[in-house]
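Next come the structures, one after another.
Below are two complexes that have subunit A in common, paired first with subunit B and then with subunit C.
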Partner chain A sequence: MFDFFLLEAVINGLLFGGVLALLSLGLNLVFGVVDVVWIAYSEVVMVGMYVIYTLHVMLGWPLVFAAPMALVGSGIVGVLVHRLIIEPILDTPPINQLLATGGLLFFLQSLATLIYGSQFRNIGLSLPTLEFHELYISFARLLAFGVAVLGMAGLYLFLSRTYVGTAIRAVAQDRQVMGLMGVDTRTVYLITSAVGGALAGLAAVLLVLQQDVHPFIGLTFGPITFMICVLGGLGNLLGGFVAAFVISQVISIGSFYVSTELSYVIAFVLFIVAMFIRPEGLFHRRS
Partner chain B sequence: MLKLTDVSAGYGSFQALWNIDLEINAGEAVAVIGPNGAGKTTLLRAISGQLPVWSGDIALEGRSLLGTAPHRFVQAGIAHCPENRRLFPRMSVEDNLKMGAFIPEARRQFGERLAWVYGLFPRLRERRAQIAGTLSGGEQQMCAIGRALMSHPKLLLLDEPSAGLAPVIVRLVFDLVRRIRDEGFTVLIVEQNIRQALELVDRAYLLEVGRVRASGPVAQLRDNEFLRQAYLGL
Partner chain C sequence: MKRWLQLAGLAVLVAVPLLHPPLYFLHLAILVLIWGMIGTAWSCMGRFGLVSLGHGGFLGAGIYTVALLWNLYGLTPWLGIPIGIALSLLLALAIGLPAFRFRVVGHYFALITLALGEVVRLSIIAARDVTGGSLGMTPNRVQPPTDVSWYALQFADKKYFYFIALGCWLFSLWVWQRIDRSMSRAALEAISEDEVAAASLGIHVTRQKLRVTLISAALTSVGGMLLGLYNQYLNPESLAGIGISLEIVFAAIVGGMYSAPGPIIGALLTIGFREGLRTYFGVHLIGMAETIYGLLLIVFIIFMPRGIYGAIETLLRRRAAPSARPPAAPTAPRPGPATPGHG
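Showing the complex of A and B:
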């Protein structure tokens, strides 16, 4: 017997996976290239969401203009994070970078609370639900999936076709030799941080269509973003991409058979088991 | 063309080079030979700006390179093909060559340079889409030299191009270096394969524990009793 509701769950999982893949992309990119984990990555996404909220709701900008500004705003945050926090401690033990970006997490949460209060805010947009025969699919999710795929395709083209993109990939493979290529690694790090921030901004655009923004929203998708990156092998963009869809299907199908809460439990248990079996991530390259 | 005057350098508090004087004329091929740990690689790293010089001066065509940022040396005209080749292992041959052409002048002429390098190493053209880490040792060395040539350097530094290669491939690599030299490039080569290196170059410097122990035209060095006994086994 063909189960329409299961198909709906699978499709929703696929759409959800696109957004998760995009979320993990920026974090993974920065880790792979700069070799730093931005603990506050999901708070950079939050900044992007507040940028849209501020411009669209408070200042009345049309959404089509406010949305790109989220990319710009988060990109600038990415540059500032690198310049002000990461660069001075780049050569110190990694624990310092974790602590510093962890501190940034609390700073951004508190700053958002200070400016916007702790209320849930939304952009007052309700997108329709599409119906195909008996399948119900949220238009917001479909849109988010489409933009996520476009964003990832854009990043792929940037990394594979341009000189700077090629240099970004090269730094991830051998940073010491970059000077011999005439490449200033500091510039590459800065560009990577800007791109990583802008990807967080793109994720913000997609999330703000579906969710209210509040100062602690990062906590709702931060852990799962990290989980996906680690599962795919930190710094491995393709691995993170695949892991996002694995996790989203586990959650979506799990929600269908049991409950949403339990499906997250299942996903995290699977993650822990996977880490026991392959601590370097499912898609780790052997070097 | 390149002139080192009284150069000292090292790592941390360890001094690896002591008062090095060295000169290379345009179109010349010069070897730096010596045992392990003599400072040969350090010397190349100082010349390509990857290691700051403690004292003395390095000048290219009469202009001092002191104070030049490490990533500007390629633009100044010095390409360094490092020890162990150091290709980007998970990128294609062509992407590796593309990185060699990162500086603006080289980017503008990327197509011609690529065709030229492929003409020099037809093997690389066949393998253009292959992931560099999966090439054979000899092909990797071709790719590394090709990558350095993409910037059309005034001076090409080669660090142990024959290291880790089978004897028949070593001969091939030395032939390649000879062809590059015949193309008119100025080459400074560091080698432990002393005999073969000396067949290739006009002059050589013998480095021992960070100092120039002997230098001069190859013929003259071959007559040097000490060098004959210690390094050439004659």
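Showing the complex of A and C:
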């Protein structure tokens, strides 16, 4: 039996997957190369959203100029996070780095509260909802989906076709040996963090089109972003991309049959079980 | 001498509420004791590199069980508490057994527990028909209303909760010490250094890890029940999920998770600091207190991973024995052994 609303759920899930894929892209890159979990990654996205809000709404910049600044802004945050927080403790147990960025999570949340208050802010732009034969699709999500695919492709080209990209991939494979071979791992880490931050900014541009920004917005999509990265295999960009769509379908179809919260519960439980069965991620090829 | 100091300290703690301190002060003291207990519970496993970011889940699972049984069936918390603890143990077992079996360690363990915390939080919200969802819930007042109800564990006078919290905190300290002095401690430290090597020595890795995890979960769950029963208000955001789980971890780290009094010092500092800044800044500059708090957390983890108490301890020891070689300094929280997933 053909269920029309189920189809709508599937399509929206597909588009939602685009947003999630975009969100997990930068985190995954940093994860894979620097081997650090930025627990505060979704807060870096929030910074990007606030940059757009500040420039576009408070200072009246056109959106076309404000949006690239979000990439710059969160890219700078990425560099700062690496220089000030990660670098001093790069040689300590990985869990320290995770916890230090956890401190950053509180810091950025509260700083946003301090500057902008805890109100929900939006950029006052509503994108149309597309309709195909009574099938409703959010244009913002469609856009996010497209940008996610483009971002993924762009990142792929950057990593595979450029000199710096090659260095990044090499360091991700073996950080010790590459250091010995004369690659400046410090610079590579820094560039990676900057790119990771800028990708958070890219996600911010698309999120701000469909959601209000508030200081605690990071908590709403942060956990699910980590799950996707781990599920796809840390640093496995393609795996993360696919995992984003698996999770988004679970959530979207789950919301259709039960409720939104329960569908997230299902997604998290799936994640836990998957971690037990395949700790290296779903798409890991055993060598 | 140390023994006398401890007894004197205990006498002061017992005497505090009898001196009729301001209610606000007593309120803070109760919170510090409860959070001290939760921090102690967390550090029972945290000190061995088992970093859980999902302890909020145990808080929530316990107290919501107690409150729901009380509200829906009128079951006294005295029966609800063991059931709630049992549920938390079950959760810990469900997550711990496979995690330790399949050698999920380090980052990965942290992220799995983080997912567990979210599962509990979202389940509570999803069951909004009975739990009130994000709006939270209030345990029913005992009927007929009385000021002191041991049956429902509802007290108008804060003194009662002060003593209950004090007792529970002391109990958690006792548990902490039991672990500290047991063979398990040596085994778990060996495991946190090198899991494979420890296993080859005949240490039952899964069993050792599981034991502290279960103990930690049960104690945390009791701490959550104290919070809920004391506040007489439950909210999924403040009793489960990532935010509160991280706060538990941070209080323990700031205080120092490798020493018995560390977590309560962390609780004292974080609560004292937050309240202090809140009264200082008042309604102006909302968020300032937390901003400074977050900044301090980062600084702490970078420069003082053993926490305040740990740092003081090291300093004292160095002064006491200047000629002796500096204390072996496991300056960093011990690693979860090398993370998998690079192969």
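A few notes on this one:
Here is the rule we use: the second predicted complex is superposed on the first by the 280 of 287 C-alpha atoms of A that agree within 3 Å, B and C clash if a C-alpha of one lies under 4 Å from a C-alpha of the other, contacts with A are read in each partner's own complex, and residues count from 1 in each chain.
Everything below uses one rule, namely that a contact is a pair of C-beta atoms (placed from the backbone, for glycine too) under 8 Å apart; a residue touches a chain by one contact, two chains touch by 3 or more.
Owing to the predicted nature of the structure, the values given are computational and were not obtained by experimental measurement.
With both structures placed on the common chain, the touch criterion links A:145 to neither subunit B nor subunit C. In the superposition on chain A, A:96 makes contact with subunit C only, while subunit B stays out of contact range.
Judged by the touch definition given at the top, the superposed model places A:169 against subunit B, while subunit C stays out of reach.
Once chain A of one complex is fitted onto chain A of the other, the partner contacts of A:85 are limited to subunit C, with no touch recorded for subunit B. Using the contact criterion defined above for the overlaid structures, shared-chain residue A:230 touches subunit C, although it does not reach subunit B.
One of subunit B and subunit C touches more residues of subunit A, and that partner is C.
By the touch criterion given at the top, residues 48-50, 69-75, 79-80, 82, 86, 88-91, 95, 98-100, 102-103, 107, 147-148, 151 of subunit B touch subunit A in their complex. Put simply, subunit A touches subunit C in their complex at residues 35, 37, 39, 85, 88-89, 92-96, 98-100, 102-115, 117-118, 215, 219, 222-223, 226-227, 230, 233-234, 259, 261-262, 264-265, 268-269, 271-272, 275-276, 279-281, 284, 287.
Looking at the complex, you find that subunit A touches subunit B at residues 163, 166-167, 169-170, 173-174, 176-185, 285.
Partner subunit A is touched in their complex by these residues of subunit C: 49, 51, 95, 98-99, 102-104, 106-108, 110-112, 114-116, 118-119, 122-123, 125-126, 241-243, 246, 249-250, 253, 285-291, 293-298, 300-302, 305, 332-336, 339-341, 343.
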